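Next come two complexes built around chain A: one with chain B, the other with chain C.
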Partner chain A sequence: MKNKTTGNRIAFIIRKLLRLALLLFVTSITSFVLMKASPIDPLQANVGQSALGTMSIEQIARLQAYWGVGGNPVKQYLGWAADFVRGDMGMSLLYHQAVSEVIAVRLQNSLVLMVTAWLLSGVLGLALGAAAGMNRGRWIDRGIKGYCLVISSTPAYWLAMLLLIVFGVWLKTFPVGLSVPIGVAAADVTFTERVQHFVLPALALSITGIAGIALHTREKMIEITESEYMLFARARGEKGWRLFWNHGFRNVLLPAITLQFASISEIFGGSVLVEQVFSYPGLGQAAVAAGLGSDMPLLMAVTIVSALFVFGGNMIADVLYGIVDPRIRKGGVGQ
Partner chain B sequence: MSEKRVNKGNNIILKIENLQISFTQYERGLKQRTFQTVKGMDLEVSSGELTAVIGASGSGKSLLAHAVMGLLPYNASMSGEMYYCGEKLTKMRQEKLRGNEIVLVPQSLAYLDPLMKIGRQIKKNRKDEKINQRLADIFSRYHLKEEVAKQYPFELSGGMNRRILISTAMIENPRLVIADEPTPGLDLKSAKRVMEHFRELADMGAGVLLITHDLRLAIETADRIIVFHDGRTIDEAVPTDFQAENTLKHAYTKALWRAMPKNGFANESKNTDI
Partner chain C sequence: MREKNNRRQRVLAGLIFSVIFLAVVCIGGILCKQEAAATDFSRKNLAPCTEYLFGTDWLGRDMFARTLRGLSVSILLGMVSAAVSAAAAFVLGVISAAMGRTADSAVSFCIDWVMGIPHILLLILISVALGKGFRGVAAGVALTHWPSLARVIRAEMIQLKESPYIQIAEKLGKRKGYLIRKHMLPHLMPQFFVGLVLLFPHAILHESSVTFLGFGLSSEQPAIGIILSESMRYLVTGQWWLAAFPGAMLVLVVILFYEIGENLRKLLSPGSAHE
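Right, the complex of A and B next:
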């Protein structure tokens, strides 16, 4: 029995790893091809038309080689792959630094932002969705549903700009951008200042994240309230908070876990836009800069890191499901 | 079996007069359609008695249970009078009494929360010493092992299901037990054994309302049988009336009687069309 489950676990891990390798290969190829198909001319974007006009043919040829224009794409991809596997993910063309260093700094900034938004939107989304689902059709449901629908149809960057205008420009409660104050040495930046800078972007990201999670949770909650076991619980006199706590919450928690981890990809996507609006130097902003500046190694690395996060999130959800749901935990994987 | 236990208590626990239930549905856009499922149901349930309501599957007899408990779906409307222990059964009383004095025993384990352990579920998550003792008593009465309390519904073996479901009624102090098709898929012998548990509840003074489509089971176990057909209560009989066709009053009841295997084989030519 024990041997069997260990065997199952190893098989599970191997299967996941193979899938991960395949995923990374396909993502990297896709982003590479898209990058090559991009209409942006790296030289014009990074050097500028006027500067190019004053350069000799040899200089231009050297720049073309640097930015990877006109080379053999297969060779370029293989070269990138070799760099990537070596560990430093290659050199960033824009920052003249190892990509891994650029990503490490950016990721740190982004992680604070994304983890906050992720937790906030997960917890609030679950609470709002559950409240709406349990009280379907009442004013509280209508209010929450209305809010979610409005927010869902609002682009994240627009919401970010709205927050900027209200809290940054009119009320001046929070700074309008960046992750630290301008003109202060990195060592002198206080914790409060960092928090002040990240409140607005985190808020923008959370507000948009909540809506999706709340709407999905609401659907699940309604399904649960219509189930036979809820009917029976009501027939047994359970109602209100106790009914929710004993049966509703327990059962909505499982789909909520899936939702929460699936939402990592949305938070990631949202952060690209939001960081851009707030000039917040995170991974998302690096992705935009790399895309517009034709920094192939950097963009590919950002893509791969995001893919890793999303994959990791889904895998954690899978594993948690097996731990939380007694039907899977006790039923065994191999049956 | 049933002769010796007819009319023990005779306190009327539940009385229903001319119960009607109809549903409103939207069909294509805003056009509403109302259709009536229960058109006129009358019945009485007395304490210490096992009353069976018998009707075909899908005849709306399960709605009776939901109506008594106040749990009809939102698009249902209901009229008629319901009395519990002589007093009108209002929405407020329903909410107070259900799960306490009025209990429902459901058909299957699908009515249990899949993520809550059996013991906690039977106790409705109450944790005091008294309820624990009570659960232990019920488990020993029903020969359920202690560790069953720590299992989830999906782990139960088929034989225990009924006893677990009845435990949810037993742990309260029911005066009215509504059993909605409590023996689905069981052969007559096992079904009768399940019904003994309900008989026990009746012997303890509760009125038991058995809702079923199984006439044979009703004849073998109930004190009174109410026949429900086409949305109405059409007949009321005691099991002994079913010993011969001519003691039955209504044509449909007679047809039901003829449809029973032991009678049907003799009279096949007469009863092909019920």
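Right, the complex of A and C next:
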């Protein structure tokens, strides 16, 4: 019996991995086709009309080969995919660097930002959502709900701009942009300086992230408080923190885990906007630059890396669900 | 003790107020096309005052007119593309639940696929594929917003299929098309309608974000994303009103759309009457 469940678990994970591979494959094709379909001429966008006018036909032909204009798209895709599977992501056309290097640096910057925001919004969102749900209808619930409604209606980039105005321009407590001070050699940047540059973007990202998680947690918490075991616990005289700890917490933790992992996509989207506002050199900013400059290898790599995070997050949530909740484990895994 | 207005009336009042406000913003925006583009260098960089409520920008354009214009563009664009998206969601959701396992797994795969690529990134890709501009954003928003609603409709359909009255109708020999048309669609309509309205704010936010990043409407059209991205250059010099007021208006519009959605839900779903 024990072996059978483990076997099931492994089969479940293998099936999930296959699906993940298929989804990534389809995603890469999607982004390739979309980029190829674009009527925007990369030469016009990056070299400029006037510069093109002065060039000889050979120069233009060389540039066209560099930006991948013309040629057989199917062959191009297959060539790209064969390299990608072997770990060669190609050269970034905008940065004149290997895509893997650009991504490595950018991803590091972004990950610091996103992981902080992810953890903060997860913990605070859970706490606020649970507090609101347990005190439904009281002022604390109204306050939290109002906050969540306003924040989830606020575009992340505008919030970032407000923080920039208040803390960067008026109070001058934090620098206005970038991840390190300008004009300082990379080796001389101190840890405090890095932290200073990172506080505002992380704050903007966390504030927006909290709202969604808190709202969903609140809904779940309300469902739980209306359950019969909660009613019975109240009838026995439990209340306040004890009631929450004994009966609410473990039950609200389950949906919270799914929410937390499903929020990766949102956090990533937010980081694209926030990084743009603060000129923070992260993955999102690279994606925007690559999109505007028709840098196909870079944009495709960013899409796949981010999709990997999102799909991976969903998969981890599925697996964790089974581990945390014995009922799901018993009732046929992977149904 | 009877309250003066009952809950239904309060909800209705809120609904009507929100709709009127949004309609006024839209119509105002359509009417002040000239105002929004008029430049006047004698009134450059004015801070908000009674004459220019939202101040003026570096070309002496009235920010209030520009904001209204930008909002109306964003609202109309968002509503049209969200409606297309919702229609797609409805069709796919129904197909997924009614046409058997293969169709279901195909639709589920599509949902996973679209949801797997971060929203903003997919919007950027689609917008680039269509050459940016109006067509790019409209198609982008329409093509990326259906999965969540499709999921809701699929789940609802599956639940309906198991419900006794449908099972009985099936045993009585009613055809599948008849069941869907007569028994399921009427049940789905309120939920679909609320889902549609709740898509609007998402669509508007995403449209403004993509435009802000430079993939959306061109800079000649004063969409709200354009106004905000232009104001970025003037933040450091202290012209906070260029960003603060248009953004606040955008937030207000989005909140009102949420309110309309929530109020509609309260009116249409009988379950919430007991709250």
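In the analysis below, the second predicted complex is superposed on the first by the 324 of 335 C-alpha atoms of A that agree within 3 Å, B and C clash if a C-alpha of one lies under 4 Å from a C-alpha of the other, contacts with A are read in each partner's own complex, and residues count from 1 in each chain.
What we mean here is this: contacts are C-beta pairs under 8 Å (C-beta built on N, C-alpha and C of every residue); 3 or more make two chains touch, one makes a residue touch a chain.
Values in this document were obtained by computation on a predicted structure and should not be read as measured data.
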item: First (chain B), second (chain C), both or neither touched by A:R142; value: neither
item: Chain B versus chain C as contact partner of A:A233, first or second or both or neither; value: first
item: Partner chain(s) touched by A:R250 [first = chain B, second = chain C, both, neither]; value: first
item: Of chain B and chain C, the chain that contacts the larger number of chain A residues; value: C
item: Partner chain in contact with A:G291 - chain B first, chain C second, else both or neither; value: second
item: First, second, both or neither for A:M161, with chain B first and chain C second; value: second
item: Which superposed partner A:L34 touches (first chain B, second chain C, both, neither); value: second
item: First (chain B), second (chain C), both or neither touched by A:R242; value: first
item: Which superposed partner A:R62 touches (first chain B, second chain C, both, neither); value: neither
item: Residues of chain A at both interfaces, chain B in one complex, chain C in the other; value: none
item: Touch list for chain A against partner chain B, complex; value: 137, 228-229, 231-239, 242, 245-247, 250-251, 254, 325-327, 330-331
item: Residues on chain B engaged by chain A in the complex (per definition of touch); value: 69, 71, 74, 95, 98-100, 103-104, 106, 110-116, 124-125, 152, 154-155, 168, 172
item: Of chain C, residues touching chain A in the complex; value: 109, 112-113, 115-121, 124-126, 128-132, 201, 205, 208-209, 212-215, 228, 231-232, 235-236, 238, 240, 243-244, 247, 250-251, 254-255, 258
item: Chain A residues touching chain C - in the complex, by the definition given at the top; value: 19, 23, 26-27, 30-31, 33-35, 37-40, 149-150, 153-158, 161-162, 164-165, 168-169, 176, 265-266, 268-269, 272-273, 276-277, 284, 287-288, 291-292, 294, 299, 302-303, 306-307, 310-311, 314
